[in-house]
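Structures follow.
Two complexes come next, and they have one chain in common, chain A, joined by chain B in the first and chain C in the second.
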Partner chain A sequence: MKNTRLATDTFFRYLIRFVSLFSVLALAAMLLFVFVQGAEPFLTPTSDSIRLVAQNIPAITVNGTEYVNHSTFIPVDLDSTELRLEFVNRGQPLVIPVQINNEVEKVEDRLSFPAEYAGATTYPEAYTWMLKLPGTIVGLEQSVTILFPEPPYNFFSFLGGQAWRPTHLKLYGILTMIVATIISTFGAVLIGVPLALLAAVLIGEFMPRRLAAIVRSGIDLLAGIPSVVYGFFGLMIIVPLVQRMFDAPSGSSLISAIFILSVMVLPTIVAITITSLQAVPRSWREASLAVGASKMQTAWRVVFPAARSGILAGIILGVSRAIGETMAVILVAGNSPQFPTAFTDSVRTLTATIALEMGYAQGRHSQMLFSVGIVLFIMILILNTIVLRLKKHLTKGL
Partner chain B sequence: MKKYIAAALALAFLVFAAAPVLANGEKEGTAAAPAQAYTIEVSGSTSVYPLMEKLAAAYTAANPLITINANGTGSSDGIKAANERTSELGMSSRNLKPAEKGYGMTEVIIAVDAIAAVVHPSNPVANLTLEQIKGIYTGAITDWSQVGGKAGPIAVVSREPGSGTRGAFEEIVGFQDKLVLGAAEFDGTGGVRASVAGNPNAIGYISLGSMTAEVKAVKVEGVEATAANVVNGSFKIARPFVVMYHNDKISPQGKAFLDWAMSAEGQAIVKTSWVPVK
Partner chain C sequence: MSNNEGKFTVRNLDLYYSDFHALKGINIDIADKEVLSLIGPSGCGKSTFIRVLNRMNDLIEGCTITGTVLLDGEDIYKAKDASELRSRVGMVFQKPNPFPMSIWENIAYGPKMAGLRDRKKLNELVESSLHKAAIWDEVKDRLKKSALSLSGGQQQRLCIARAIAMEPEVILMDEPTSALDPIATKKIEELVETLKNDYSIVIVTHSMNQAARISDKTAFFLLGEILEFGPTARIFQNPERKETSDYITGRFG
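The block that comes next holds the complex of A and B.
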C-alpha cells in the first residue's frame, strides 16, 4: 500500500517537473525565435550578393556566365563594378553593360544604364531596378530585375524614425507608434482608473450584499467579452458619434481609441478592487465606526488604503490590457502612422501595426514587425518594473 | 527502483500525449492516386478568396473526392506559403514583387479585378479624374468642394501597407508610399467598406467583386467601374488575381483544378463578379 503511494507520488512529481521543463523550453524557444527574427534587420543585409531575376528570357549571360531557363535568382558578386547582360530580344542579340558605382550617396543613382535604355529602366522600389523590353508578343515583355541587398537597418532610425513607409521606400520608423501607444494607454488609464475605483468602492462598501453580488457577476461577464466586440461597438457607435461631436472628417481617432480602451479596462480594475476591498478584515471597519468615523470616512480612509496593494495589482492588469489591446484599437483608431496633434487625429499603435501588416508583410518588412514586438515587450517590462517599485514604496507601512 | 520506473512512466506519458501532434506532419507526404480522396491546400489574398471559394464550391460539387481548403491570409502570406510548400497553391491579388519573382514559381493569372473608388451613397460627386484621386490620397485636395462636391473635409480611407489592393491602387494612380498622413487604414475590404458606408465624407477603394449597395462607386475619368470597361481597357484601375505554385509541389489533382479554373466552365464563374482572362 505504502509503495503504491510512493509510486504515484513519484509519478506526479516527475510529471510536474517534465511538464515545467517543457513549458520553459517552449517559452524560451519562442522568445529566441522572436528575438532572432527581430534582430536580423539590424545585423545583416538582406542578401550577400546582388540578385537578378530574368523573365521571359530563355537564355541570359551575366558577366560571362550563361543561365538557360533560369527562373530563380541569379547571384552576382557584390564587388562587381559592371553587370554585362547578354540576351536575345526580338531576334536581336543585345549586350547591355550596366555600370555599378557603390560610392554614390543616393542609392537610386548607383546603377547607370546605357543612355539608349534610359526609357526602359525604372526604379520600382528602393534598392530595385527594372529593365523592361518589349517582346515578340504583346504581354510577354522581357524584363531583368536587379535587386541590391539592403544594408543593415540603423537601429536609431528604427526607434527614432518618424516615417513608416515599408513597401516602396523601405523606411521603418516607429517613433510615431510608440508615442501613440503611450498616449492612448495613458489616456485610458486617466479616464478609466478613477471611474473604476469609484465604482468599486460603491459596489464593495455601500451596496447591499445581494445587489452587489448581482452587479459583481455582471462585471465579471463584461471582463470576459472578446475585445473585437468592444471594437465593433466602437466602430458602429463611438466613431460616428466622435465625428459629429467634433465635426472632424473622420471619427476614427485617438479619442475614440482612448474611450474604448478606458471602457475595456474598467471591468478588470473594478473586479480586482472589489475583491481586495472585501479582503480587508471586518474588525478594521468596526473599529473605525466605533471611534465615530462615518461610513464614507471609513471607506476612503481605512478600507481603501488597507487594500492598496491589491488595487495596484488591478490597475497594472488594466494598463497591460490597454497597452496590449489590438483588435478593438484597429477598428477605431484609424491606424495612420503619424504624430497626433489633436485628439481627433488618426493614430496607429504598435500592436495594431503587427496585426494589420503581418499577413501582408514580406522579407525585411515582416522581420521588422518582430522588432516592433520586441519593442512592445521591452515597454511592458519597463512599465512593470516601475509599477513594482511603486508598489514596494506604497506598501511600506503595511 | 520503483522511483525510476515511475519517472520513466511520467516521461512516456508525455511523449504519448505529444505523439499525435508530432506525427501529424508525416502523413501529408503520401502521394494520392487519382481515384482517392484528396485535399488541395490553398492560401493567400483575402481579395482572391471570395472567387476561390466560388470556384472550389463548383469544382468539389462535380468532384466529390476532392476537398479544397482555402484560407484568406493575405497576398504575401500566400506567396510565402506556396514558396515554402506549406500550401499547394498560393493566391495573390497583386503581381509578384521582384524579390518574390526569384522564388521560381509558376504563375497563373486566373482573373482580373477592377478596384473601384467608393464614396458614401449620399455624396453627390459622381466622377473623379486620376489626378484628383491622387490629390485626395496624397493630401493636396482636402475638401469635397475642390472636386465639385458639397463643402466638407474629405476623410481618406485606405488599406494597410503591403495589401495587394493598396499596392495596385497606389501604383496605377501613381502615389506609391505617399499616402497622406491622417488617413484611416484598415485591414480587409470589409473594414474599408464599413468605414465608407458610415461616413458621408469618406472615400475609399475596394475590389469590384466586393461591391455592395452600402457604398457608391464613382466613375474614374468618366468611365464606370465595370467588368466590361476593364476588358475594353477604358477603366484603368485593375489588377490580376494570380495563383502560383512550385512545379515539384503541385499534385495532379491541384493541376487538374487549376486547368478547370482556366477552362470555359471555370471562367464562367469568374465572370459573375470579376473579369475573365479567357
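The block that comes next holds the complex of A and C.
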C-alpha cells in the first residue's frame, strides 16, 4: 500500500518536472526565435553579396557563369566592378555591361547602365535596380532585378520613422502605428473602463441576486465571443454609423476602432470587477451601513476601494486585450499607415500590420514584422510595470 | 401603554427568514441610558433581534417583519431609508471590522458620509470619539496608519469609536468581546460602564459574568421568544423561569 503511493507520488513528481521544464523551454525557444528574428534587421545587412533576380529569362550568363531556369537569387560578389549580363531577348542575343562603383557615396549612383538602358532603374535609393525589356508576347516582359545588400536598418528610423513602405522603398517606420495603437487603446480605456466599472457596481451591488446571476452569465458569454464577430458587428453597424454621424468619406476610422475596442474590453473588466466586488467581506458593507452610509456610498467608498487590486487586474486584462486586438481592428480601422489628424482618419495599428503583411512578407520585411511584435511586447511590458507600481501605491493601506 | 417609557418600544414583533419564524411575539422596552444585555443559547435570535433595532435585516432577502418598533415614539420601519435611523442607532459587531483605511478615515467615515466636510470639525470629532472609546492614547501618533495594523482589542475599540463618532443615541453591540482576550475584554467592559452615561446600550453576550457585571436589565431569549426580562440582579439571583436558571447556571445552552 505504502509502496504504491510512493510510486505514484514519484511518477507525478517527475511528470510535473518534465511538463514544467518542457513548457519553460518551449516558451524560451519561442521568445529567442522572435527576438533573434526581430533584432536581425538592425544588426546585419540583408545579404553579403549583390543578388540578381531574372524573370522570364530561361538562361542568363552573369560574369561568365550561366544560370539556366534559375528560380532563386543569383549571387554576385560584392567586390565586383562589373556586371556582365548575357541573355536572349526576342531572339536577339544581348550583352549588357553594368559598371559597379562601390566608392560612390550616393546609393543611386553606384550602378551605371549603358546609355540605352539608363532609364530602367526603379528604386535605386532603396538598393533596387530593375531592368525591364519587352518580351515576345505583350505583357510577358523580361526583367533583371539587381539588389544591393541593404545596410543594417537604423533602429531610430524604425521607431521614429513615419513611412512604412516595405515593398519598394524599403522604409520601415512604425511611429504612425505606435501612435495609432496608443490612441485607440487609450480611447478604448477612456470609454470602456468607466462604463465597465459602473456596470459592475450596478450588477454586483444593486441588482437582486438572481437577476445579477443571469446578467453575469450573459457577460461571461460576451467575453467568449470571437473577436472577428465583434469586428463584423463593427463593420456592419459602427462603421456606417460613424460615416453618417461625422459625414466622413469612409467610416473605417480611428473612432470606429475606439468604439469597437471599448465594447470589447467591457466583458472582461465587468466580470473581473464583479468577482472582486463580491470578494469584499460582508462585514465592511455592514460596518458602513451601520454608521448610516447609503448603499451607494457604501458601494463607492468602501466596497470599491477594497476591491481595487482585483479591479486593477481586470483593467490590465482589458487594456492588454485592447492593445493586442487584431481582427476586429483590421475590419474597422481602414488600415492606412498614417498619422491620424482627425478621429475619422483611417489608421493602422501594430497588430494589424503584422496580421496583414505576414502572409507575403519576405526577408527583411518579414523580420521587421517580428520587430513590430517585439515593440508590442515591450509596450505591454511597460504598461504592466506602470500598473503594477500603481497597484502597489494604491494598495498600501490594505 | 405609553410610548415614552424608554428609547425603544417593541410590540408584537415577529420576524421570518423566508418561512423560518425567527422571532415570535417580542415585547420589550429599552430605557434610555441603560445597559440591556441579551442572553440565550446559540441560535435563539439575539443577533436577529438586535439587528431589527437598526434595520440591518433590511439587507437580507426574504426577511419579513411584522409588529411595531418605536424609537422615541416613532416607527423606525416607516421611513423608506434607514440611514437616519442607523446614524442614531450605532452598531458594533462580533468580529472587529474596521475599514481597510487609516485610523482617522475609519472614524471620520460616518460623519463624512452624513455630509460633514469641515476638516477641523472632523479632526475634533475623531479625537473626541477616540477619547471616549479609550483608545486615543494608543493611536494618537498613528492616525494615518492603516486600521488593520491594530490589535484585535484595539480594532474593536476603534469600531466603538467609529460608532460614537456618529453621536448616536443607542449603541448595539453583538458579542463585542467574543473575539478578544480577557484584558481587551476588560477594557471594553469598562468602556461600556462609562458609555452608558451618554448612550443606551444593548449588548448581546454569551458570558453570564459579563451580563451580570455590566448590565442594568437582562432579557433571556429562547427559541425566538423573550422568556424573561427584568433587572439584571433579579434575573440572575431570582429567575422566575426554570429555563432561565438552567441556562444561567450552565445546565444547558
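As a working rule, the second predicted complex is superposed on the first by the 334 of 398 C-alpha atoms of A that agree within 3 Å, B and C clash if a C-alpha of one lies under 4 Å from a C-alpha of the other, contacts with A are read in each partner's own complex, and residues count from 1 in each chain.
The rule is simple: a residue touches a chain if its C-beta (ideal position, glycine included) is under 8 Å from a C-beta of that chain, and two chains touch if they have at least 3 such contacts.
Note that the structure is a prediction, hence the values are computed from the model and not measured.
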**Message:** In the overlaid three-chain picture, which partner chain does A:E125 touch, first (chain B) or second (chain C), both, or neither?
**Reply:** first
Task = With the two complexes superposed on chain A, say which partner A:S288 touches: chain B (first), chain C (second), both, or neither.
result = second
Could you say whether A:F155 touches chain B, chain C, both of them, or neither, answering first, second, both or neither? neither
Counting residues of chain A touched by each of chain B and chain C, the higher count belongs to B
Exercise for review: Classify the contacts of A:S336 with the two partner chains as first (chain B alone), second (chain C alone), both, or neither.
Suggested key: first
Dual-contact residues of chain A, meaning touching chain B and chain C, are none
The chain B residues in contact with chain A across the complex are 2-3, 5-7, 9-11, 13-14, 46, 73-77, 79-80, 97-105, 152-155, 157, 160-164, 167, 176-177, 181-187, 191, 194-195, 198-199, 201-202
Touching chain A in the complex, chain C uses residues 54, 56, 59, 61, 81-84, 86-87, 90-91, 93, 95, 97-102, 109-110, 113-114, 146, 148, 159, 162-163, 165-166
Listed in rising order, chain A residues that touch chain C in their complex are 208-209, 281, 283-294, 297, 301-302, 305-306, 397-398
Listed in rising order, the residues of chain A that touch chain B in the complex are 3, 6-8, 10-12, 14-15, 18-19, 22, 51, 53, 55, 71-73, 124-125, 128, 130, 145, 147, 164-169, 235-236, 239-240, 243, 248-252, 330-331, 334-338, 345-346, 348, 355-363, 365-366
